[in-house]
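Chain lettering (A, B, C, D and E) follows the sequence in which the chains are written, and residue indices restart at 1 in each chain.
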């Protein structure tokens, strides 16, 4: 059960208002897609959910409690790039989350615990179709393979919330269909709440159970930074939940 | 005619071309040496190849009467031990402090300006204090190398640690990493190849400090020998020693490069 | 009670016997006789060895009379010259480029030398003999390690150096020796210096050092096979061959017996020398910034005479241990 | 409690933290200095602040009796001139040779191994040959800096030139660039910020070689003064001189960084 | 008039056959689109046209003469990334080709010559809609703006042949439509022959006047590198030539 609530939230950088008066309630196991013009604050919104940015005013609640001020294993993230660990193989990249969980001191598992973790990682690896590349390093993978791994990596600790910031923006169009399938499969398997920013409206309709549109409602042509964006549309969709 | 930039020598050609400047320098040496020896057969500045050969024979292949050692080898061993120890300690400090400064903002605020200042203090100017602090034994020589080399490595590693993509650091935290785990599993493993790069860059100054240290207090070592015979302008000994030092330094450089390529293939630019 | 002592030594012709004393076990033998240990440390950088002695790292150290006055004694470290080992008798020299040149020709030249060292002192003394002053030439401070190569450079024309560098310089076919320390015998002294407080508290240290020293002096004086072997070893340790080392010894007046040493430190000549040295040091500002006058540092002689401030005696010549050696009381 | 890695000091806090190690070192100095001076009021190793102040006054604000100069300033000028000249020449060589090696494969084959070897020769050990070649004057000091610093800059610039994306080089050729135009319009302009980086990295060793050179033969300069007064352990002069050198080096480092940020904003990582 | 002819051309790396027995004739002002599986040698084919790779056997002719062994101003190239000059502003990036042409020694133009070149560069800048960014550096542009500039840069010297290697692969899907328009406009304005590699079959049909499909005709499962790919389909299309 994960509820995300935002109440009268504002975000400013110095005098520059990025987001103003954002209100939102998202229930359990939703797939929220977010669209909006470039620079309107979508990434900023995700960064606040992640805990690496604090709202200037207002409240940001998860299950009624204030958001922790730093990232944690309950909220996973997939960036457009760079979030794989180049020194670890594909399998090790997946394993890492499990090792960090159960080995606070050494960060490594041994014996039976390791075998259990390996089983879990291998299952997930099969789900994303990367078994053959298990022992390669990220730099040896194509962009699509890297992003598949990145998604798998961020769900292995079964976060309550998964954040995706234009995860397919850097991929060849042909590959995105596979990725959509994968993300829906994982979303259904792990029953988490997903927030995904995208530039592709079609994608947002196809995947989401709820579409958020960020836009400015007030514009001062003399001072474009005086007013921020807010959620102008909050549209429930049918999404792919039925597919589960 | 293709552009200069598009013309490449073959393998054999490249080897020959690489040899060329060495041959030129050696030829120039032989020419000037011959000229000076014609003018003054006792000239010691640019000794003839035969004298150099004799000196090499004396130092590398004959037992020293006084000590029963083969001087070149005892000197080499002593110097390499000091150098190895100095570099190892510098690497350990560089890794530990550099990582800590790069990762922990509070430590960065506190230590970074100090390290920047210390790395610019000329160590040779504060020798007396250094020697009082650590004595004049082996420790002193190793310390001089460490004082000269470690701050540079610390700065380098701190900078490169801070350059790690924020995305990685955030990702690790969303996987539940504590600061300690983050260092252990994400930052440290990625620092090894960088440490090797930093060590390679420091090799030149490490040798410099070793030679300086040995010239001040020691009874053996490559730098000591050069210092000892320099008073007699015994270039027939100095030149092969310098060539030998250069060769050792080159070998260490290549070795480090090899280790990096083999052990940290994921960090090679070509992959 | 202190039973272990540290002593620094530097590679130099008159001090090589100390290296031999350690290597041959003679020093250890004498130390054992008095139930103490003496650890010898070879410091290649001469000035650094004195600095370390002054800072307290060593109980004893080898140095010249002028450096003793200007470094430990001017630095407030009360020191005793336990042994006057030798004086330079041609071991230091002034060299000009150009055969047939004389000392007067030095006027207007750039002179390479170790500034504020005994070379500098000897130059000042030499200039006095031909009516020149320091301002008539230009002094270029040159490290002793590099002075041979410096003189070989075509642009340099004059140098002051000691052996072995002096010998290497004189190998230059153009080099002309115009003055050397044999003209001022007994003024450039090589001393075995011990911290006065340590020596007072531990006379054993003095006895062991003096005993070992004169045993080696006696050995070297014999001129037999054992003596040859000893000097050959010293030659090797100083990086040269027996002939080269003999050349250095020839211009070094070693006091072969304690009696000679005793006579020397009790003589008037030493007082006059030290007076010259302290005046030179004061004029060049190396008696320390606290030194308001030439008398700032007191120098005491075995005869009981003192130079300078008698309430601030920091430099002492001692004949008592030589006397014991003379009398066979060690 | 947030993770250590996520906690950041405020501006004032960071400033205080940065000052802390300096305060600690100065306090330690004062403590030991006081202790030593209690034991021996004439001690010269760790002089009291008052003595250091007096020495600074003497060297910076009073005319020297013998020469009529304000010693600190004459020394500073002499040293900075040598250093500036040495760095300028090294930069010119580094840029010229480094670019050429990076761009022209034939030159790379021929010169790269030689430069790698030369950069590892300990320059202080072959001083005698240097003296014969360039004499003992100002040129010798500048040359020593150049010999010590230039090969490193050459290697660095050659490496970084070779790292330029091939796509750029090919693109320029499809725009009709000759080798000369390529160097002039594509490679050289992108090398300036890299040259500044290389210079900043070499500052430490440049000062080291300057001090070494001034210790060998000279009549003024910061390194000369330090070695001269070392003859009578005048730490009251040496310590402020060392601090002053460190300050100058830091200022040069900051200046170079500023120039890079202002003149080559396109090359700043943050853009 | 530009004719590209390839006769019995093979390309091997050591024992690895990449392309085998390629035959092709392309007439003037064609828009050739190239598709094929990853790793089948499409980029290699472009590299040979560019002159940075030589065929192992066979002939490669432009207007009946052998291809020069190095890149030149008659053949332009647009890479997926990295081909802008980061130290030059947008305008300077465009100007460079003209300066290199007319100032062999200094690589810079002055006075009237410079004004003429500036006029030309500004016209092109307007055509790609980047006037407002004329004085920005590439790092300050979005991916789409960079790629537009890159295309304009490579046509300013009016090459006879323009090579494009997946030029839109790294761009957001929404932007590619604009880019298609731009490239067709330039192709018609400058009457050059274009070779474009793409992963997107739809794109290849929409833009090309001729579609080449690279594929292996023989496969030895024991030695996958023994046989190379060749042109299995060479399909004339209607393309957008009519739009000119």
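The rule we apply is simple: a contact is a pair of C-beta atoms (placed from the backbone, for glycine too) under 8 Å apart; a residue touches a chain by one contact, two chains touch by 3 or more.
This structure is a prediction, so every number in the text was calculated from the model and none was measured.
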| item | value |
| --- | --- |
| Chain C reached from chain A - shortest hop count over touching chains | 2 |
| Those chains which touch chain D and also touch chain C | B |
| Centre distance in Å when chain A and chain B are each reduced to the mean of their C-alpha atoms | 47 |
| Whole-Å gap separating chain C and chain E, where each centre is the average of the chain's CA atoms | 82 |
| Between chain D and chain B, distance of the C-alpha-averaged centres to the nearest whole Å | 18 |
| Residues of chain E engaged with two or more neighbouring chains | 70 |
| Chain B residues counted as touching two or more neighbouring chains | 3, 6, 45, 128, 132, 173, 178, 230, 233 |
| Touching two or more other chains - residue numbers and ranges from chain C | 51, 55, 146, 148-149, 152 |
| In the complex with chain A, residue positions of chain D that touch it | 2-3, 6 |
| Residues on chain D engaged by chain B in the complex (per definition of touch) | 3-9, 13-14, 17-18, 20-22, 25, 45-46, 103-106, 109-114, 116-117, 119-122, 124-126, 128-129, 132, 152, 163, 169, 173, 178-179, 182, 201, 203-205, 207-208, 211-212, 223, 226, 230, 233, 235, 238-239, 241-242, 245-246, 249-250, 253 |
| Complex contacts: residues of chain D adjacent to chain C | 40-45, 51, 54-55, 58, 127-128, 131-132, 135-137, 140, 215-219, 224, 227-228, 230-234, 236 |
| Chain D contact footprint on chain E (complex, rising order) | 50, 52, 70-73, 75-77, 79, 81-83, 85-88, 96-97, 99-101, 104-108, 137, 139-140, 153-154, 156-157, 159 |
| Complex contact set, residues of chain A against chain D | 69-70 |
